[in-house]
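Have a look at the structure that comes next, please.
The first chain written gets the first letter, and so on, giving A, B, C and D; residue counts start at 1 in each chain.
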């Protein structure tokens, strides 16, 4: 077992987080097989609307008579794929920019970091909302908006790491033996800068699920009949307080999933860099 | 309670008193709200985007301006009749071009100045100059200079072409007070900025400027000097407090705890049972003229194919939707117009939910080369639960016959923008057509005459030369007896072409506090006219 | 100190300009047509074309930007396409409500979060620490909109203890507007009942909004305390017999809150953004619900103005944070 | 006369993730009134745990398993935290920490911190409130003057980072003396300083012992310092006292192999550059016999099986080695 995993296995909260993440992952992958009513992703059953939780419908039914338990299970895939798409897109934009800015220096670096600062100053939720609205609300525009606002975090981290590493002795040595910039950056600096990126990505996954849920809730993200958790909560508001179960369970699903990613991320961070304690 | 207080000595220990005080702070307002001011009507109607009736004309504006402004004629009663209001009568020339309205004597604006025909002329010219929403019906047929005041009590309109709906649209124009507006004009804006948050009318209630915050709240107080007087209602509402609430459940709870006298008139059917079970409120049901339609973009395949359109028309579970989701609070309306309006060809049946037939049409359409497998988009207004539910229902049924429909949430301003061009208009979208004026023109006229292509009402881009001719003829004729058969004929043809999916005519559901008495309903304005209402104590 | 502030302010300007450019571009390149939206439901194509010319929407985009930037420089934020009121006026009217909510949330976050963080740090790896750690992870992981709904469900709908929405009960006569702050205005008007009502309306939204910040502050304070407790001076202070209470709550705390103060600065931005959702749910008449309205109606001027406003607030808070840092840690002040 | 401080058979362990670590095994030392006792050992031998035990600020995971700490006739181990804080720390035992930069709270003024100590621990003088505070300020200024801190009046208004290392150490010495304790514990107070300053501080301490009538427990790893300053010596290895006696006697004739090895390493005496081979045994797994046996060049089979008894060497020192049994 690698030392990182061994350390992780001793951190109880992090293991809990890992367990949750794996659990959600399994649900996301095998959701249609696990859900008692997989067709309820899109079907509607007008005769059994808004039933309270029972043995047949553990989480009750929604406004179109669909099994909320099934839809919560089916929603995991959407939530995870949004998060993964957003975070990987943000990484694809942010990491190279950070590498360039950190390794090159000069006006290019200055320029990149200024833009990064500006984008960081834009309130993410508001920009995402505005973009989602203006490009007509859909999952795609929500994901694009979130990616466009999340990359600076990666740029910052990679920039700092690259700056630190490129002034370090071993990079000097590499330069001395005539290694090319590309080689140095991709074979030596990038792998070393990766662990904080992974930590940030883990926490970013949870965070993105949360913001995506907000967008879904405000009608700017997933569109019906997608079994989106945020959307379900939005739909449920009309039926409160009668159908309390309608809002409660999708919200718990968000809470548990995001908690899983955060616990895991915190644990990873403590291992990678016990000194830094940052959130988000 | 008071009696007990007297009979016992020190009634409460200090601790009890403190507990009570804390409890009062926590639970207090719930009670205090119920004992609402006996002369203040707290309205849950939505507020218009701003207060200028010449800039905005939609359902919330109607509910506001019916109270703050007056019109030459006004719709009253159910079914709606157009009745003299500021005008006591009118005449029209035989060619339908010259209209004269005679004002009542002694009408006063809220500032006390008398209303003259010149003020009416000013109001219409302002509408035309601004060219915003309410001008739509008039811009093509009325030049500003052709609105004149031959004498202080007569207003004359000279139309460019004969246009029957002109009279039907007269109640949409509010008469404003130029003496208040003119001092607030900036850069020739006709006082647009000022009137957006102030009032300059003569209506039964006067806008309290300090009591207005856009889309949040609006206060009005009674105009004791209204020209109609208050003899018909000895105990009128003294103040109206508009307190719109965005969330249905919030609205309903506010109604149930007594802090709202009426909800907005578009309550979801799911709430009826709960409200009717309460002691304090009930749900008022009224048949209105507000049709619900799924548009198809007739320029995009497969919707350019008649069999394809017929397939879709048979795949919607009309009665399931109306019964189960709307709780039966709507009437199936197979026509492109409210079925309670004149000009309906009652012998035409329309289409029913029949998946077998839908499949047959599907096969025919495929045989004719229509791309029925193409993934289609149905755009809904995300914030409107009912449109979302209808779309999801449709989607589930279409999936059964092998049609791949994607429901896309969208918002009104984007949809109307998209509808301006055939290629940006969604494959399908959902909307209602409310009563802007009570005339077939409001529905079939503007929805299926190809000259309106580019507006959201005509967003199916339906074009049938015969229909165009019939609708234009009907528009130009003046007498309803002449016009009705023309509309009936046009509707027959339109329905045969099945350009859209017409679903229902609304029944409006409005939660009302039981203390609200004397409400008069009219589909125009949806019963928002407060002057008839008395609050029981 | 003054020089420090001025320099920081000047440094912020390019960032704000960049923010302006980016938001302007984003809002302009998208398809929704503001003229169409303004013209209203019953508009004809001619009406829309007229509006487009009237508002310069037919001119090249850079020209539109220059004219906009020029106006912004003179604090003219344009006019809302719908309410027809100057955006600056609307914002000024709504700002007090948002500030009230934000500061209450911030106050809850700080005055509850810092002590809890200290408790967690002091009881490192004992049950209060575990409990608070779980709580703080939950606080960050919980979706504010869901939490708000749950609070409404419990405290307003089921128990009926607290009002559901708004900043004042509908039938209560609003006190005359003096400061714009409802509680203050009520007190000025001598209406204790109105002030109490306003406070009761504040509870649920403020609690909801404070949650994320509360959790963050607990985490950072805890980490700060743990860090500080490792420091030699704490050992020295204990060895010298400092009173335990004073040691923890004055000497340790003061050293631990530096990181927390940075967080409070960052939180402020987060609170304003988070306020969008919370205000929308509670119908709180502030900048947040204004933003949501603007977004739902596609009101670009308002969207631009709000984004800019938040950018400015963000920058200002950052400068303020640096200043507070200087006060908290005298070593920083000397370095300048 | 009873000694000021007498530690007997002190045994302290700490729970760790890997198990119980025996930090202190069997510590014994005696400090007579008016004398300076040097406690010498390599880093990790338990010096700071010893100090923490005396002052009652062991970490939560630590347990005193056996032993007594007699201070002026009272067993400190029997004191509650409150009794220690109210009646011992500062008022009766002063403390001079190792690193003067890190020991002062960076965000408070020096005066604030020192007055905080005096506020609770200065001997009662019949004064109250502002008057008492003024008296404290006066005493502090006097002390600082004695410590040769420049501008003693304004020094109290300054922050720690505004002083040099030597000055900071003088501040801390003043703080230790502020409440007139009988015993002062100094934890390597000169390690962080340069040689010249170190020498000045040692001189100062020497003077202060006589001047203020205190006894000084001086913990260090440096025999040179011990030779310069101390009267008595106590050598610690792996949590055990291995040799204790008068400084002169031990330096002249070190008895325990460890003491000898240590002295041999000292730069002043070293003939070769060889340190002591091997490492200190882990506190998690102490060897069964003599703790020094694995590194001892003179170890016999006996040394590896049983704990060596306490003996007395010719120098008069107490030695824990079979050679002197």
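Definition applied: a contact is a pair of C-beta atoms (placed from the backbone, for glycine too) under 8 Å apart; a residue touches a chain by one contact, two chains touch by 3 or more.
All values reported here derive from a predicted model rather than from experimental measurement.
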A-B or B-C, whichever has more C-beta pairs in contact: B-C
Chain closest to the middle [Cα centroid of all protein chains]: C
Averaged-CA centre spacing for the pair subunit B and subunit A, given as whole angstrom: 42
Subunit A and subunit D: spacing of chain centres that average the CA atoms, whole Å: 54
Length of the line joining the C-alpha centres of subunit B and subunit C, rounded to whole Å: 37
Distance between the centres, which are taken as Cα means, of subunit C and subunit A, whole angstrom: 23
Multi-partner residues of subunit A (each touching 2 or more other chains): 133-134, 136, 220, 237, 240-241
Where subunit D touches two or more other chains at once, by residue number: none
For subunit B, residues that touch 2 or more chains besides their own: 247, 249, 253, 383, 411, 414, 418
Pairs of chains in contact (touch as defined earlier), listed by label: A-B, A-C, B-C, C-D
Complex interface listing, subunit A residues touching subunit C: 13, 114-115, 117-119, 121-127, 129-131, 133-136, 206, 210, 213-214, 217-218, 220, 230, 233, 236-237, 240-241, 244, 247-248, 250-251, 254-255, 258-259, 262-263, 266, 277, 279-280
Touching residues (chain side subunit D, partner subunit C) in the complex: 55, 57, 81, 84-86, 88-91, 95, 97-99, 102-108, 113, 116-117, 120-121, 159, 161, 172, 175
Subunit B-touching residues of subunit A, taken from the complex the two chains share: 42-44, 46-47, 49-50, 63-64, 133-134, 136-138, 219-220, 223-225, 235, 237-242
Subunit B residues touching subunit C - in the complex, by the definition given at the top: 25-30, 32-33, 36-37, 40, 42, 49-50, 52, 55-58, 131-137, 139-140, 192-193, 196-197, 210-211, 213-217, 241, 243, 245-247, 249-250, 253-254, 257, 259-260, 383, 411-414, 416-418, 420, 424, 436, 452, 454-457
Parts of subunit C lying in touch with subunit D, wherever the complex brings them together: 231-233, 235-244, 246, 251, 254-255, 328-331, 334
